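Note that the chains are named A, B, C, D and E in the order they appear, and that numbering of residues resets to 1 at the start of each chain.
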Amino acid sequence: MLPTLVFSIFSIVLLMAALGVVFSRQAVHAALNLVLAFFSAACMWIMLDAEFLGLVLVLVYVGAVMVLFLFVLMMLDFAKPVEVEVNTPNYRFRVGIVIAAFMAEMGILLYSKMSSVSISSGDALTGMQWSVQQLALRLFNHYAYAFEVAGAILLFAMVAVIGLVKYSDQENSPKAPKRQNIADQVRVKKEDRLTLVKSS
Amino acid sequence: MSDLLVVLPDALLFGSLCFLVLVAAFLNSRCILRWASIATVLGYLWSVTYQTHHISELIAIGDAHFKSLFVLDASSLGMKTFAGIVTLLVIIFLESIVFASAPEKAKEGVIIVLFGLLGASIMVGASHYLMSYLGLELLSLALVVLIAWGLETEQLEAAIKYFILSSLASGILLFGVSLIYGATGHLNFVSSALVRYPLYNMYTIGQILIVAGVAFKLGWVPFHFWISDVYASARWYTIVALSSLSKIGIIGFMMRLYDTGVFSSNVIASQFIIVLSILSILIGNILGVQQKSLRRILAYSSIANMGYIGLALVCRTGAPFYLAIYILNTLVMASILFSRFGHALDINLEDIKGFALKHPYQGALLTFTMFSFAGLPITPGFWAKWHVFKGFFAQYSPWFAIFIIIGTLVGTFYYVRIVKYLYEDVDAKDTEINSKITPAISSSFSYGMSLSIVVIALLWSTVAPDALLSWSERITGKGTATLEEAARLPVASPHAVFTTKAIPLKVPTLQKSLNNPLVNPMPPVQ
Amino acid sequence: MISLSISHFVFISTLVFLIGLVGFLFARKSLVVLLMCIELLLLACTTNFVVFAKKYADIDGHLAVFFILTVAAAESAIGLALILLFFRKTQSANISAAVSLKESV
Amino acid sequence: MNQSYLLIPILPVLGALISGFLGRFLGKVVSVTIALLLMLATLGLSVFWLNQVNAGVHINQDIYTWAVFGKAAFSVGFLIDPLSVMMNLIVCSISLMVHIYTIKYMEHDEGFFRFYAYISLFTGVMLSLVMANNFLQLFFGWEGVGLVSYLLIGFWYNRESAIYANMKAFIVNRVGDLGFLLGLGLLFKFCGTLHFDSIIQQIPMLASKQYMLPFIGNVHLISLIALLLFIGAMSKSAQIPLHAWLPDSMEGPTPISALIHAATMVTAGIFMVSRFSPIFEQSDAVLNFMLAIGSITAASMGLLAIIQKDIKRIIAYSTLSQLGYMTAALGASAYKIAVFHLLTHAFFKALLFLGAGAVILAKHHEQDIRRMGGLAKKMPVTYICMFLASLALSGIAPFSGFFSKEPIIEAVKLSTQPVASWAYILLMAGVALTPFYSFNLIFRVFHGEENEEIDSHHNHHAHDHHDSHDAAHHNHHPEPFFSIKLPFIILAVFSVINGFWLAPKIIYGDYFANTLTALPTHPAWVHITEEFHGVGQAIHHSLTALATWLAVGGIVLAFIYTKRFPKLAMDVPGEKKSIFMRWFSSGYGFDFIYKLLASFTMAIACFACQVDKWGIDGLINVLPRGVNAYGSRLRQWANGSISTYAYFIVLGVVLMLGYLVFFLR
Amino acid sequence: MMLSVSIWAPIILGALAFFMRSRSGQVFIMILAAGLFATLACSILSHFDVSLSSHQLIERALWIKQYKIHYFLGIDGISLPLLMLNLFITLVVLLNTFFTIEKDIHVFQGLMLIMAGLVNACFVTLDIVLFYLFFEAMLVPMYLLIRRWGGKNRVYASYKFILYTLAGSLPMLVAILFMYSVISAGGALSANFDISTFKEAVAKNWFGFADQKWLMWCFFVAFAVKVPMFPLHTWLPDAHGEAPTGGSMVLAAITLKIGGYGLLRFVVPIFPAAFVYYQSTIIVLSLIAIVYVGLVALRQTDVKRLIAYSSVSHMGFVTLGIATHTAMGIQGAMAQMISHGFVSAGMFACIGALYHRLHTRQMEDFGGVATAMPKLAVLAILFAMANLALPGTSGFVGEFGVILAVLESGVGDGYALIAGLTLIIAASYTLLLCKKVFWGEIKNPILNHVKDLSFGECCVLLSLAIPVLVVGFYPASILKYSQSSVNFLLQGK
């Protein structure tokens, strides 16, 4: 009874927040909605005996990644009004159809034959030592190789981002040495250099 | 220590990468970076060779420690060699470009490519969905960065497009993986395939979603849109990497799925791959005709060629062979175009007017390549198509041939159109357009060397495709024995087709297989 | 009151996945929102893994979540960097700004 | 000497090669001398072989195997028998005459050597035709003479009318050749060979067979074969309705009209039917058909000759008419007589043509008889010879024509074929017409006042080709030339003596005893032979014959006609004629029908052309067009928007899942 | 060894020719080619045993192990005359290039020699895949020839040529693969791509009759496009019309023959039953080609297109002859192929000489050529006469043989009547051509100044004219080679 109630609440919050991510007009709102979605998802995970993962999600993801998002959002210039993409009604209609079809197909396929394993708290996992230790043992023994690869990905992300932004910086920052851009010089029009002011 | 030998190539690569990152950070010497990275790839290749020679001992060690994450066998090692060689070519190509165009800030580009190699290397060896996913992501992200590497607006836009769409596709693939996990309770290929009574619908959806993700990465229609835009804006070395390294990784992954029995010739996923492949051949070529830009033509050619590779995957024969020849062709075209046009983005058909008359040798080479793309004999492209058709029609209905033939014809048209422009007389008014032709780097030694290696490989695979073929067969595992193997399968065996008096019009294999899973939920796996 | 089962969780995660997809399709947003939609997709996947780990009492599902989170973080970093660079070039981070590469005239 | 007959066709061809390719280097005198010597040699050989045949030699020899198709071997071989040596002699002698005559006639033509080459070549080909021992070689010669005829009609290839006429001649001949080829093919199909003697041996087998024709039903195989072969003969020998090429062929130089279109080539059809008389004998239907066609041609073409103004066309129509007589004779199973008429006709008709040529030359290439007159004094030899020839043509008693024509009429009269009586009436009408037009010509050209209004302006548009040479032609009267007179005299002598000299041997004698035979059921000829009691008797008998009186009547009528209407009206361009006259003067409208057929064919061709362009090619172009159109539509989707691309990705997934739902549910 | 030389020596020589920019170098190549071809022809002829029906001078080696593709060469009576024809025509065309090609003679000669090598290869390979390789590879030099030296509409023509032919041959590839998969699955035969293996497999009923039927069509279409047969002929007028003179000569004289040769080498022996089953269909298509395409030719105003359509019409006799499925018909078809090789090459050479001088191909621009260029006219009329199948020229032999074969084989005498209509139709369009081009008065003022054929051009045309007459008067000289092979072909063993 209680799990069902909790599940309902969190799932509704999760879905609402997800919709909020997609449909909110301001990107910052979207980010905040995403935080909410992550949070409620974390709660649902905890319901599924994944307490540690839930915590990691909130701490690492909400705490670090989402902050990064917000940080970037702040760097972007949102003074300009958000241009509204012209999504023609025709397009919306088609998208609607596709989405509806997707939903229907998933529903038909997944729920027509899916065996329903009931989840009453903790029953399925009683036989196991369900702990962070277990997780760690598995991760550093069996999945050590994958762990290294994950490390490689992070290293790569670091190198890539630094590389990209560094060179980009060199070009655009005022501290970079001045360069002569002949193409720009040629492209100069008289309006750029000369302003005629009519005295009345 | 002997544990490390099992993962020697990847470990070596990753270790050197860490070292290279430090080099790049602290030593501002491109020369060291270049030779270090070439040495890295050579070391990687050496370690793969080492593993090949000691495969039996290594398997014994590997079984104890890394069993479920990756496999060591001829297939994975072969694909790794393949990826290594290709990377070497890409690096030589990239570095020759750096020489030619000094402002290019691609010092770390080499590192990115090596990360890509690492991703591909992980993918082709993986026998675990998570490993595959990690490899795939590493590879995709490396490509994203490579695409963006020119740092012009066009490249950034293309990188963003590719990044977002690729993440979407990865998401779809990952959802598929999660469903397979949900259906079987295993993330290892073999274990998940061995589950006798999985939740069948969920399992199938998972497979389909994986196919969709792969389709995006390979650029099968209708997941192909990114390719055209990316090819239209990316640097040439990126294009080469996109059409070689990334394809090797994905195809290695697919081959592994087939080898481990997750997919087999008669599951629904195979039917989808066939349909998508044929769509790619048809629509890729049809759209290729529409293009005026050589870069986009190359893009659609890639789409169409991936269609043929899809057929090769399904019948489990010669995908590496086809891929190798496709890569050779692409390399030749890219390097010649680059040598003449540099980084220009809008290389139109009009611009190569009279190209072969001015540069007869490059023109002849380009002509050869075009005919090879088109699959006309006597070119390696013919053997590639031949091999695919041979495997495919041994198992599937010849009625598919109608679509494939139409697609091939349409493709031939636009390849031949390029040849047409190559040999067109240049009018006086066209000289202005042709001024875009500036000899960029044809004199560069490394460029010349890599091009001549490629040309030798092309000619060699024309005259004696034997070696390449047997290599491909070894890698593909079950190789050309598909017929015998298929004969063991209960339904939709080729004999069902062959023994019928007439070939019915209704694509028999497709329908039979579709009904099949209900009767026999899982294909038998040894 | 019905008792909770696996299918409920899968249902919710599928819906989240769907909403993520919807986010890609209705493109009137900032590119950053698309990154968030990617996060939604990954969230759906991770939720699935957690659910099925519960179902099979298999810890591998939980490990998958770890790796996916890592990858997602790396992805976000690179994506945000790209968007930032793009913004610097074009003074816009909207999807509608990223349509200069196209075939149709 | 056993193989020397081979030289008969080879020598003229050699002459052709010499004058054609080496003529310019050797010069006129040398090359003409060579050509004449070769012709003379050929004639000598022909005479030699005539003697051999008379001595009982019969040669049927294959020279070499032409080709082996599957099991069937075709060879080139020669047959020496009375018929072939006789034909040889005709061809050689007429050809020699024409060779001699041409020396002067074509003296100033720039195509002099070409002309010599052509006539020598023609002689060779014609000789190989008549000496053939199988159908293949016959067909070789058959088409070969057609080729030379084509080249000679178009000899002055700058003239539009000439090149139109030669094309017409060739194509009309081809229609007949199709029939001939099919007949030949059927013979091959059932006999397995094309050799004459083997086929003739198998005639009983052929005669017993029925052949199923679609829409018609069973017919006698041999009738069908005979009919098809006769169609070939019809075109070659210019029988109605395939005759219309012959009058047009007068566009060629006059000597070849004499050689080809009067004496030899056009009689190839008659020769061929005679050669295969055993086949034709088996089919009464075809015999009747021949009788009808021959007699109709004889009468109707004679009628047309009356209204002709062109001297050569008059003679051409006369030739048509005489060919009709021969065909009628064939229809009456009187093969010997047909061949004999062929012989006599060759000489006097060649003479007429050569004479006409002399007249034309004298009148500066004027061919219209209305512009002529009074030439008798200037050209007495020509006049006399042509007069004699006309008498012969008209069938007046001691001259050769009488001995060949009279038996034809008799034979038709005696024939038991159903249409024989009608044919007889028509032929009698022809008998009256022949002298009328012949003497109409003679009187108008040689008698009366000399028409001096020979304007050069008229020449211009008619034969401007020759204007450049007219300067050299200031001598209006070519008679002084020996080379012109000699053939006249020789031919005239033969036109006179051929009849009473040869008729007893050929028609009534046993010259053709084993060669040309008729079945006992067709006894006309036997009756004639029975009624013959010597030449004198025949001439005596002629005084009471209806035909003779008709002929004399024709001459008298012609005399009166020319006296009464000395000047025929010139054609006025805008003049209205009655429909009947137009129909009549257009040669019964056959040309109109030909043109109609031609334009019908061209219309079909035009339609075919459109079908090819829009139908077949258009259908095939549908694929590239469709690909292009479809591609440009598909291309619209690549609009650069991430959401569109994402849409397609999702769509792809949805479609795949939909497929699953559909089949997996 | 000789056969290998006949393939590779021209190709090597062709590659060499690309470097000969000077006229003397080109002449050197020409002389070298002449010497080579003459030696080849002599040695092959002297080693060829006419009485044998099987393949001779066999060379066989495994080429690609995985596919069991052999480098398998051999020659028999069907391929020998065609091989000789190719050697001969190539030489003539090489000589002709000096008079008709204005730019890049060395490249043209090089491509021509390569083409010759590939065509030779087509005629001597006995491995189906090897044949297919050369069959397709031939498209490339020909494409380049049309593309580079063609007329105004060359782009369209060259596309059409290459795509049409490719479209035709791809089904054959599929059929080959399908058949091979069955053969290799069967296991009783040693699976390879030898023609004899395929033949044996079909003879042993490994394929149902329904399968045989569609497989037959797959093979048939590939060659029908090449021949070309009626509904698939529309590439030919464009390709012939736009190709340079040498290209047209080779196209008409040689490449069309590969179609006929392919029918004889593959379709008839491998699928005898299916072929006979569809005999009447093929006959009807051939007859349509003969009559209908002949009519189309009648309306052409472009001289080269007219000749091209007449080629289609004449090649109709080849397919008709083969379709009779009798020794006589096939011999007739052989004769027709050889003859058409000389005649069409001759006609194209004549028109080429004219085009080179007047730069037009429209009939209305000609007229009176006989006055201006008598030597050309003599030879052209000879070829025209051969074109309308005048006895005594080679054109007659084939048509005569085929028409008689149609009657003899009993497939229907009405077919012979329709085929015979060509006597009239061919005469009509050929004479129309003669009338408009060679006879008449000079209308085009340029014609007043043109020179007649040079000595070299005379040599070109004479070297084509003499075989026309020789074959016309003594066809047995050529037919004797094919006789035993054709009999062997039909006995089915």
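Everything that follows uses one rule, which is that a contact is a pair of C-beta atoms (placed from the backbone, for glycine too) under 8 Å apart; a residue touches a chain by one contact, two chains touch by 3 or more.
Since the structure is predicted, the reported quantities are computational estimates derived from the model, not experimental observations.
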(request) Please identify each chain that touches chain A as well as chain E. (result) B, D
(request) Tally the contacting C-beta pairs at the B-D interface and at the B-C interface, and name the larger one. (result) B-C
(message) I'd like the most central chain, judged by C-alpha centroids against the all-protein C-alpha centroid.
(response) E
(request) Report the inter-chain centroid distance for chain A and chain D in whole angstrom, where each centroid is the mean of the CA atoms. (result) 99
(request) Please work out the Cα centroid separation of chain D and chain E, and write it as a whole number of Å. (result) 37
(request) Could you tell me the distance, in whole angstrom, between the mean C-alpha positions of chain B and chain E? (result) 42
(message) On a C-alpha centroid basis, what's the spacing between chain C and chain E, in Å?
(response) 64
(request) Could you tell me which residues belong to chain D and also touch two or more other chains? (result) 624, 635, 637-638, 640, 642-643, 646-647, 650-651, 653, 657, 660, 664
(message) For chain E, give me the residues that contact two or more of the other chains.
(response) 163
(request) Could you list the positions in chain B whose residues touch two or more of the other chains? (result) 130, 134, 137, 141, 145, 148, 151, 160-161, 164, 168, 172, 201, 204-205, 228-229, 290, 413
(request) Give every touching pair of chains, nothing left out. (result) A-B, A-C, A-D, B-C, B-D, B-E, C-D, D-E
(request) Show which residues of chain E lie in contact with chain B when the two form their complex. (result) 64-67, 129, 132-137, 139-140, 143-144, 147-148, 155, 158-159, 162-163, 166-167, 170-171, 173-175, 177-178, 180-182, 184-185, 208-211, 214
(message) Applying the document's contact rule, which stretches of chain C touch chain B when the two form their complex?
(response) 6, 10, 17, 20-21, 24, 31, 34-35, 38, 41-42, 44-45, 48-49, 51-52, 55-56, 58, 60-61, 63-64, 67-68, 71, 74-75, 78-79, 82-83, 85-86, 89-90, 98, 100-103
(message) Could you list, by residue number, the parts of chain D that touch chain A in their complex?
(response) 643, 647, 650-651, 653-654, 657-658, 660-661, 664-665
(request) Quick one: which bits of chain B touch chain D in the complex? Just the residue numbers, please. (result) 160-161, 164-165, 168-169, 172, 201, 204-205, 208-209, 211-212, 215-216, 222-223, 225-226, 228-229, 268, 272, 276, 283, 286-287, 289-290, 406, 410, 413, 514-515, 517-518
(request) Sort out for me which residues of chain D touch chain B in the complex. (result) 623-624, 627-628, 630-632, 634-635, 637-638, 640, 642, 644-646, 648-649, 651-653, 656-657, 659-660, 663-664
